[in-house]
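Presented sequentially are two complexes of chain A, the first with chain B as partner and the second with chain C.
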Partner chain A sequence: MDNSLNSVTEQAAALAQSGTTSSELVEKALDQFRSSQHLNAFVALNEKAVRRQAEQSDERRKKGRGLSPVDGIPIAVKDNYWTLDHPTTACSGAVPKIPEGQDATIVRNLREAGAVIFGKTNMHEWAYGATNTGSSIGPTRHPLDPNHITGGSSGGSALAVADGVVGAALGSDTGGSVRIPSAACGIVGYKPSYGRASRYGVLPLSWSLDAPGLLTRDVKDLLLLAPYLLGADPQDPSTFSARRFDPESTARGKKVLALTGPYLERRADVEDVIQGARERLGRDFDWNTVQMETMEPYFAAWEAILHSEASSYHQHLLQEKPDGFGDVTIAHLVAGNQLSAVEYLHAQKIRQQFMGILTVLFEKADILALPTLPVTAPGQDEVWQEFDGRRVTTQDSMTWFCWMGNLAGLPSITVPAGLAENGFPVGLMMMAKPGEDEYLLQTALQVQTVLQQSVVSEFA
Partner chain B sequence: MDNSLNSVTEQAAALAQSGTTSSELVEKALDQFRSSQHLNAFVALNEKAVRRQAEQSDERRKKGRGLSPVDGIPIAVKDNYWTLDHPTTACSGAVPKIPEGQDATIVRNLREAGAVIFGKTNMHEWAYGATNTGSSIGPTRHPLDPNHITGGSSGGSALAVADGVVGAALGSDTGGSVRIPSAACGIVGYKPSYGRASRYGVLPLSWSLDAPGLLTRDVKDLLLLAPYLLGADPQDPSTFSARRFDPESTARGKKVLALTGPYLERRADVEDVIQGARERLGRDFDWNTVQMETMEPYFAAWEAILHSEASSYHQHLLQEKPDGFGDVTIAHLVAGNQLSAVEYLHAQKIRQQFMGILTVLFEKADILALPTLPVTAPGQDEVWQEFDGRRVTTQDSMTWFCWMGNLAGLPSITVPAGLAENGFPVGLMMMAKPGEDEYLLQTALQVQTVLQQSVVSEFA
Partner chain C sequence: MKTDLQLSDDQLRRIRETLTRIRKGLSMMDVRQAEPAHIFHPILPPLEKPNGQ
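Right, the complex of A and B next:
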């Protein structure tokens, strides 16, 4: 990978100082796109539209009329967002025709800021899976080893960033779909608080769990892009009381609580990396561990809500185009149809109990911490994962910790914590109270700074 | 009926001027209670506790330490509210043991204001029915003719007020249970906006539809009591953003929209009374009629949500004490268990569509108006009602218009509009936008004033 000008922050600085042009950034991105096509990050890329956007940006900047710090920066978009210049398929053969012609709210926000909308990324069909192996155009492949998965469902977005095509990509996250591939590929992934970012124009999976999100190489990039992500949108009722991103907000609180216990197991090599990060962060953070009772009922509640809402959303499509869905997706949808209203409502009650548990935890801590994944990026053909006495499907291993942030609507982020013995990246996940996105991002920036410095000093 | 000092407003004025005592009011209420026991308004009445509260109130007032304008005023409570001095049974043989010892939040608010909690009123079992014929202690009986029903499920509360035992009673309303018996018995009934009044300590029927409510003889009584009903309660999460009652709020807007169309039919004699009221109100209000498309899908959505949530709530009790429930309640609960999660979620989507329709209507009007019931109080044994070409169960006829206020969370009120040709009362229902409770109550007061004056002038 070519690491020059790869982060959004670096690109923005270079553009501001006329050290590069949007067209140069875009040509470099197109080169990288072509050289990494075997990894299968993109499902659609309208080169003409991309180049035109870059030229228009360069025109603006030449006249001193740049629209924002991100004017001219290429950003990739997951294929479940509507886009003006690309069709939307959610990487499913069953998708209804969604032609180009309209932007999702977040895409429009970025476009109005001058960002170059750089193609649509590969994803797990309908975002209904966390491995990214179930896609109409085939799986995404890990940049370190194509025989390993990237994780998903925003696998193409993670890959496009990790592989240096773009500095940022949009994703969506219902049980970890932004954070999972970010952690597996060694980049940063951020899921905002539920209801703080518009889902208008993003195909739903499970509307009470879904959040849009951003994948970048650096937490600083998130701080630069968050203003286009957060805030109320009249077209998404869940955002009615959403605050805009507040750049003046200053981080406070240094209490981190790491969670362990049944249904929170992880592989020893992953835990070693987290413990190493904890030691390096120990000077700046007051870090404690809490032994939880089993997470099983809450994990099951998340699954019941996910399957009920997904089957509800896909009800008509399943009748009209049953052959368009992949086998596993069909199985999920049929199973979801068997859930009763009473079971769904029971799951929502369990969800309320989980909120109560979190309220108690957040009285003791500002941040809840976990590995983002209990394992490193699995092999493409691995069906099962084993860790610390637990044997679960690779699918379940991907969402093993991430579902919490969706069930409770917490802002959540993964930052690279280091490499496991096998050379694959491990992510550290941090979650804050609902609405505390600014605090989470600023804390993540401190964490990133410490961990990067310590990497430098280890190798110095 | 003895009409002297029957309204809360009259009682408050007399107490303030030392024209009566709480003990006198309570003895009068106990006399009336005894003389009307055949109507079956009460399920429990702890005379000793009632007298002691009155004596304590008189002590306070004697020392000039009255707690509030309602200190010393007897108020009856529906048997699904927890009460410090009476057990709670929801008039069901299946109720778990809920002994005296704790007040629901609203009961506590009233008690802290010095009100005398005057016994528990008869209700339809678990509030799961609108006729009040299904009660563990037998049906309530209409004060004009014991062979007619009062409507329900707050039938005992309506009867206690209409029959002059108390000036006010607490009820609950999931599809009209406050407004239905109020209209049928010729009194005033008020259901607040969803989430503006605490349900803590009120046994749930369907938590996304349930509201507590008040039944009185006069809209002025509601203005006096609303401060104890409305406002946030940490123990009911649905009230987190609830505003307190604002007595300074002044009514504005005079546009009334009367709704007609399929599934909004009513009997001709009922419509005659409403038209008469409309003529008398015509000088003060800009009154128009709108022809709606069928209400059938929205009525069905309300029913699906009601049955799903009720079956969810009663799931364990149905397994533990199946013999305790009445036959019809069992049938409802078993039917609710058959609804799928996808059906429930579909109903919630239909609910959102209904909200959209209301948004359009409220752009044209400040108040939506309907008869509260399509018929007058039916006979105890009538299973079917026929009106304007529609044949429905007596149960469905009771909720025919009222469900809208619950599905959409609107503040809703019924005020007496006059008597039908058969001599039974007809209520006028008015609904305002969510949160506009003050406006609704003040408008209802104007309506009441006009209708009362016109009654006086007709008979002058």
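Right, the complex of A and C next:
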């Protein structure tokens, strides 16, 4: 595969220097889409609409009226964002009435900047699962080996980027759904702080945990796209106090705290990759390790909030279209319905206690670090994962570390750390204080530079 | 919620296991003195009191 012009940064530079056109980028993306359709990254792709956007972008640039650095760049969108030129189904047979001809706020931001909205990506039904095996159009398949999963729920978005169809894709993240498939597929995935990016027009799963997010090949791409993601939106009250992205912000602190302890175990080959990354980063960052008490009650709080809020949102839809949901989704929704209001509030109290623990940790460190996943991309049929004395479902192994960022609203990112012995990618996850997205992205850029990893290029 | 959903044995097992796991985890913490996180916006800092109070 031609790896040239695969990152958004490279595409933007080529467009600015008239080294390519949006139409050329779109045709290349369509060719790659067709050659990898068996991996099942897309649920909808309106080629006519995509080509029309590219032609309009080329016309603007010819006249010297480019709208922004990303004018003409194809960007794929997870199927739970409203899009005016593609249907929105959340890859479920049970879908509420979606407003026609309307974009989610972030999609609108990108479209107004001239980006080409390049189709809708496959996802785990309603983002309610982290394997991407539960989708109305079937599972996504890993670009290294189709017998392995991509992880999810933004599995199609990760696949579209890792496989070189597009340089960036939108995803959503309630317990890791951007970071999980990004790590499994060897790319970069970023979940902003809760309340800094609008969720308007993104079908909810759990509104106090949900965040939109971006998947790219390079941290530089995130810095280019962050202005269209972050900022206040009158249509999402959680963003009322959100600051715009500040490109002048620079990284400062260098203290990293690696978390270990019960419910933070990981497979030995994954830990080997992380230790190797830590050694390479040792000269630039001050690394320490902290042994945590068990994460079990905090994970339970995250899960209680997730199922309670999802059950509340889906209650009417489950009554109206019970046959549209997958079996596992129905089981989750019924479980959520059986949790009491008292249990939900206990979970919110434990959430507050967890945030108190993080406050103490952030007095000692600027970044909290973990592997993004405790394992590498599992096989499509693997139900269980075993590591370091734990035996958990593949679903739970995917969210094993990532839920923390959602429970506390932290900005969080995964960057490729290397390949495990089996040849599959391992991601390094970093989390910063709430609101410190610029610092996290700048730090991630430094980490990426040091690691000099381009896992994608090793197999794409 | 509709109560006449026909649930399979596998779904009933999943529901049972999920609830057991959540309730075990929640029971591990003493929350008697704890305040719940702000449900709508968990990361907002505490509101400043007027006039420095």
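The rule is simple: the second predicted complex is superposed on the first by the 448 of 460 C-alpha atoms of A that agree within 3 Å, B and C clash if a C-alpha of one lies under 4 Å from a C-alpha of the other, contacts with A are read in each partner's own complex, and residues count from 1 in each chain.
One rule holds for everything that comes next: contacts are C-beta pairs under 8 Å (C-beta built on N, C-alpha and C of every residue); 3 or more make two chains touch, one makes a residue touch a chain.
Quantities reported herein were computed from a predicted structural model and do not represent experimental measurements.
K.L.:
Which partner does A:84 contact after superposing on A: first (chain B), second (chain C), both, neither?
P.N.:
neither
K.L.:
Is A:343 touching anything from chain B or chain C once the two structures are fitted on A? First, second, both or neither.
P.N.:
both
K.L.:
After superposing on the shared chain, does chain C or chain B touch more chain A residues?
P.N.:
Of the two chains, more chain A residues are contacted by C.
K.L.:
With the two complexes superposed on chain A, say which partner A:301 touches: chain B (first), chain C (second), both, or neither.
P.N.:
second
K.L.:
Give one of first, second, both or neither to describe whether A:67 is in contact with chain B, with chain C, with both, or with none.
P.N.:
It touches nothing on chain B or chain C.
K.L.:
Give one of first, second, both or neither to describe whether A:315 is in contact with chain B, with chain C, with both, or with none.
P.N.:
both
K.L.:
Just to be sure I follow: which residues of chain A are touched by chain B in one complex and then by chain C in the other one?
P.N.:
Correct list for chain A: 304, 311, 315, 337-339, 343, 345-346, 349, 352.
K.L.:
Taking the touch rule as given, give the residues of chain B at its contact with chain A in the complex, in rising order.
P.N.:
Result: residues 237, 304, 308-309, 311-312, 315, 336-346, 349 of chain B touch chain A.
K.L.:
Please give the residue numbers of chain A that touch chain C in the complex, ascending.
P.N.:
Touching chain C from chain A are residues 193-195, 207-208, 237-238, 241, 294, 296-301, 303-304, 307, 311, 315, 318-319, 322, 327-328, 330-335, 337-339, 343, 345-353, 355, 407-410, 434-435.
K.L.:
Residue numbers of chain C touching chain A in their complex, please.
P.N.:
Within the complex, chain C contacts chain A at residues 1-2, 5, 7-8, 10-12, 14-15, 18-19, 21-26, 28-29, 31, 34-37, 39-44.
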